[in-house]
Structures are given as C-alpha cells and as structure tokens.
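Naming follows writing order (A, B and C), and every chain is counted from residue 1.
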C-alpha cells in the first residue's frame, strides 16, 4: 500500500519538476520579450545609438555581431573540422588522441573570464602590432578558442556516424584516403558539422565577459577586422549597467533572444534533414 | 596531410597550456609580493591600500555555487528522470528543446532577468518577513539572488548529462526489477539511480564548474561586496566577478597582477573540478 | 542535394573572405594616405585614422565627438575602444594608441604623458526619490560611506538601515569621491554593494528604497534624487564656480605633444563645437 502512495506521490513530483523547467524558460522569454518588444522598430535596428546608447538604435551592435561571428567562425571551423578528421580518421589509438581529447575537454571548461584575461594579455597587449589591440581580430582569436571544443565534438560525432561502407566503397574504387575524406566523408557529415558550427555561433553571440576584455566595445561601426566592435550581448550589458538605460537593454535583449530562437530552429531543421538522409 | 591535421588538432591542448602559462606569467608576481597564502587566505581586498586577499571572493564563489546546487540538483535530476522514464513522447519533445534553449540563453540576459525580477522579489520578501532589522544588507542583491539565477543556468548541464546517464542504464536491469514486482519508482530509486550514479555525479560536478565559472549574470545580481557575507541575503563577490568588475580600471602593476592572480586560482580550481568529473565519468564525457 | 549544400556554403565562405580582404585593404590604404598627408601637412583633403582607448567613462563621450568629427571629415576614421583608465594610460605611454582616455587624475608616476583635460564631471550623491532627506553635510556623508552611521534615523530620516552603494576599486568616480569626501583617514565600509558603472549604481539606488550612492552628474535623472552637499546643489554651475567640490576631470593623453590629425581632433574637442557636445552630458572646460 505504502509503495503505491509513494509511486503516485513521486509521479506528481516528477511531473511538477518537468513542468517547472519548462515554465522557467517560458517566464524568462516572456518577461524579456514583453519588456523589450515595444522598443523594436525599423529605426531601432538601423540607427546609430546616441548619447551612449540611451537613445537611438543598435545598428552598430548588429553589424558588429554579424562581422565578429563570421570572422570567428571562419577561423574556428576549419581548425575544428581538421581536428575532428584527425581524431576519427588518422589517429588510430595513439597517445595523442587521448591528450587532444583531454585538452578539448579542459578547453571547454575554462571559464570565459579566464579566456578574456588570456586574450587580453596575449592578443590585445602582446600581439598589438598584428591584431590592432582591442579589435575584432583579437576578440575572434579568443572566441575561436572558446568554440573549438563544441565544433570538434559535433564534427567528430558526425564523421563517426558516416557509414563504414561509404568509405570502403570509395577506397575500393581506388580513391586515396585524402580523396575519400574530402569528397565522401566530409560532405556526408556536413549537416552534423553545420550543427556544431551553429552551436558555436550561439556561444559567440551569447558571450560577454571574454569579449569585454578583448573586443573593445566601440559603438562605432567597425570598418575592418582591426577595428574594435561590440556585440549585441555586450550592448545589453553596457546599456543596462554602464548607462542604466534598461529599456534599451530589454529591446536589445529581445533582438538577441529572437536571433537565438531562429538559430535553434535552423539547427533543428538541419538535424532533421540529417536524420532523414542517414536513415535512407 | 596527417601532419598538417595533427597541427590543427594540437591547437586545443596547446591553447589550454598557453592559457595557463600566460595567465600565470601575468599573475604570479603578486604571489611573490604578498605571499601565496596571504593572497588566498587574506581577508581584506583593497587594492588602493595595497591589500590583496581573495578569501572573501573564494567564500563568495563557494556560497553562490553551493546555493545553486542545492536549488538545482533536485529539480534537474527529477526532470531528467521524468524525461527518461515518465514523460509521454509529446511532453518529452516539448521539454528537450526547452532545455537546449535554456542552455543557449546568453548570461547577460539571465543577469538582466535576475536584476530586474529576482532581486526586487528577494528585497520585498526580506522586508516583509524579516522587517527593518539593523542589518544593512537588505537590497536584494545577494547570495540568494545569484544562487537562483545560477541554478537556472546550470540546470541544462545537469539535466542533459543525467539524462544520458539514465538512458545508458541497461533495459534488462529495469525490466528485471519490474518483473520482480517492484513499482516504477522503486525501480528508479533502487536500481536505475545507483547504476547511473557516476554519470549523475559527473553532471553535477560539471554544473558546479559552470556555476563557478559564470561571470556576467553573477556580477549583475550578487552585489559584489568585498566583505564576508552574514546570511544568504548578504551581497557577495565571486572570483570571476572580482576580475570582471575591476579589470577595466585597474592600474597596471600590482592591481592588474592581483586580478590575473585571481584568474590563476580560478583556472586551477576549474581544471581540478573538471579533471575530477572526467575521472569519475570515465572516458567520453560530454560536457555541454 | 547535399552536394549543393556544400557548394553553397563554400561560395558563401568565399564571398565573405573576399569581402573581408577588400575591407581590410581599404583600411590599410587610408592609413598610409593619412600618414602621408600628415607629414606633408596638407589641409583640404584630410584623411587618416586615430586610435583612442581607455576609460569607459570617457569612451561614450569620445564616440560622440568622433562621430561628429568623422561626419565633418569623411575620410578620417576614428576607432574608440574601452579598456579602462589604467589601460588607457598605459597605451598612451607606450604609444600603442594615439590618444588614451582617463577619468581620474593621473598618479605622479603616470605623469610621463601629455595630458589635456577635455571635460569635467561632477559627482552627485544620490538617494532614492522616496527618501525624505535632501541635504547632508560632507561629514555626514563621510560617516555613512565609512559605515559609522548605519541607520537613516541618525540623520533625521526614517528608521531604516542604510544600503550603501559604491563603485569598484580603481574607478575614477570612486577615487575622486574617496579623496574629496572620505579623506585619508577613513575607508569605505566593507558592507557596501559594489557596482562597476555609474548606470548600475543609479539603477540600484533607484530600485532600492534605503540606498545611497554616488554617480556622475551627467548621469543624473529623475529616477534618483541628488542630495545637496552642505546646502549646495549638485549642478554644472556650482562645479564650474568651484562651490560644489565633488568633481573629477576627463583627460586625453598622448605620448608626445599632439601633431597633425591628432592635434586637429583635440583642437576640435576643445573648440566651441566640441565643447557643445561635451555640454550635453558633462561640464565643458572652455
């Protein structure tokens, strides 16, 4: 009898837990968007901020985010994919695989502010002649290290999921190992790799602490990778905290949240197509 | 080809080492100047007086992290159990993306939410239940506020790692228990949870690492005081917050070195914790 | 299907790379042009670039000034980065940026650079608008911020504990406030809430009924109430005529005596036109 009551009781508790988790998300999203949505307009998206971001729009932050994400991904994606190929196709089981995996796990655990300190000390200060000090390049080099583990992990899984027969068929037809990788394995694993890249984009878009120390935070539109810039997330922090313009912060936060919702949707679409393709 | 790929692959491990070395080079002079023990166990942080003790920040980090774990672990583990064994497919399909999204929300947005929503609620709560005491700590910016926000932020990590651990429990084990007449919950409690124990602990430790490493959300809600906390309503400063708050204005020299020194302590702490998580989880841990 | 996908992405990547390269080249061209122009001292077709870094309090002002300057001379590019007063001073000393910004007085050991005060900023002591108190003496303010007085009733207010909100160690506002109000013999209470920007202090005071804090005069709005200090109102006029004592300078620093484009920009900042921009949020020096 007692076990039955417990069973029922626990069932209720578990349902409640699940629902609370869902509710937390809904509350946060609704709260931010309800306070920020009224702020969003064409002008808000296309104008320059005036008076330290208290008035005007967020155009430079949008351009800055876009520019910055592209540069970071252009640097991180090739390295990440190459690493994944090495780990899955070339390495066998030598000691390096263990070391690299360990390094990867550790890198994904480093707190963002420590990335910031490192990026500041190395890219902003030491390599100033090359990176231009606080700049998109310095930020992107820091950001690249932050998202490498994510891209490596997703790409690795995607490559592992490529059916063995594909490789064997390709090799049997006389293709070299390299040819097999570039024309069979990577294209087949592409959706998984793209998912990893999108996850990486999400992390870059959302990160603030590391980039406050490396990206410079200028509200002016960046003209090259050597100019400082600010991302939307930095703009939220700087408007909310630096100038105390909460309404602008909420408006920017809504734009950011909508961007992230769209990114998530895209990831799912890519993944869905992936599962359909691979089940065929 | 192989060699070129290896060069790329070696970047992640060399990055970790470089980060360690660089932060260490920039920060270690402060250890020599004030002494390592004085730095870690020093009770007063006042750069303008040349006092660099980070014990209040260590306590700040641990109190907020502990609070976050207390709030988050039961909810997250229960949610994971719910998802694996109890939730109908439809509900599962609703909650899984929700967890992904929770993990994807930027920390500044959590901070903004905490600052404008959680902090006032705590302040009103404290006012109405504890009255106008003599305590000066009634602003709502507190350990509690940081713990609540962190508990939300780390729940996706704990849920997803726990969920994977629970899923990897062999089906025969559950079926056997159920066949012997145990109820579903008894099976979960006596069979599934103990079997998945190491995975769950790894998830919790990873969540803990995330709470310790979080910066922006914490500085927006924790109050950032440099004194020792008196209660969960006291403001505190975390190790990460110490760096983020003061880095912008620190004059080059001792002050900057002390902030890098804080970074060293943080780096070692996180490496230790994650090394531990990897160990108990064995190979192939997925930190997400 | 998938093949197309890959091609598409490759094309995208390629386009962006080319885009990036052209933009990058464009920049370096203007840079070299600018140097030529500077050395030749050609006036009419002004072009080139200036790097400004430093104090995050000065940064927004620099950006406003830069925007106006760039709309006047469309071939000039000014980059404004943050980093903090300390970093700004260091960058100006090394010459790694053209102009460093500081929002605190330079320490004696930092005086190796050329400094130009471009604006002044008063520091207002603020409380929540609901607070009945509107005037405190410097001595009373000192006792509150040092933690000797912890309840509003000791200052003639209601019976409520005081929540002290201050800036982080190293901040120019804090440094100036500490020097002027606390003096050498006392320190900030360690029970104070610490925020690392003027906006955050204001938001905290605005939302916390029993809070007191200090913010830049330019950041004052109706969310908070500025206290009179010893009967003197915190206003631009009173800072200018030196009757309101709690104020600090905004400083531009250069490694050497400014020349060429940099001099032109600093002259613009100090001109009537530039000081008009300063006046929107801060106190002009000319």
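Points to keep in mind about this one:
Note that in this section a residue touches a chain if its C-beta (ideal position, glycine included) is under 8 Å from a C-beta of that chain, and two chains touch if they have at least 3 such contacts.
Here the structure is a predicted model, which means the values were calculated and not measured.
Shared contact partners of chain B and chain C, listed by label, are A. Looking at contact counts per chain pair, the maximum sits at A-B. Ranked by how far their CA centres sit from the centre of chain B, the chains are topped by C.
Centroids of chain A and chain C (each the mean of its C-alpha atoms) stand 31 Å apart. Each chain gets one centre point, the mean of its Cα atoms, and the points for chain A and chain B are 19 Å apart.
For chain C, residues that reach two or more other chains under the stated contact definition are 56, 82-83, 195-196, 200, 203. Looking at chain A, one finds that residues 212, 240-241, 246 touch two or more other chains. Residue positions 115, 220, 244, 247-248 of chain B each touch two or more of the other chains.
By the touch criterion stated above, chain C contacts chain B in their complex at residues 55-56, 82-87, 89-90, 107, 110, 150-151, 159-165, 168-172, 175, 178, 187, 189-196, 200, 203-204, 207-208, 210-211. Chain contact summary for the complex, chain B toward chain C: residues 44-49, 115, 119-120, 123, 132-141, 219-220, 223-227, 235, 237, 244-252, 255-256.
Contact residues of chain A toward chain C in the complex are 48, 50-53, 70-71, 74, 124, 128, 132-135, 187-188, 190-191, 194, 212, 216-220, 223-228, 239-246, 277. Residues 1-3, 5-6, 9, 13, 16-17, 20, 23-24, 26-27, 51, 53, 56, 59-60, 63-64, 66-67, 77-83, 91, 96-97, 195-200, 202-203, 206, 219, 223, 280-281 of chain C are the ones that touch chain A when the two sit in their complex.
Across the interface of their complex, chain B is touched by residues 3-4, 6-7, 10-11, 13-15, 17-18, 20-22, 24-25, 28, 31-32, 35, 78-79, 82-83, 85-87, 90, 96, 99-100, 102-118, 120-122, 145, 148-149, 152-153, 177-178, 202, 205-209, 212-213, 233-234, 236-237, 240-241, 246, 249-250, 253, 256-257, 260-261, 263-264, 268 of chain A.
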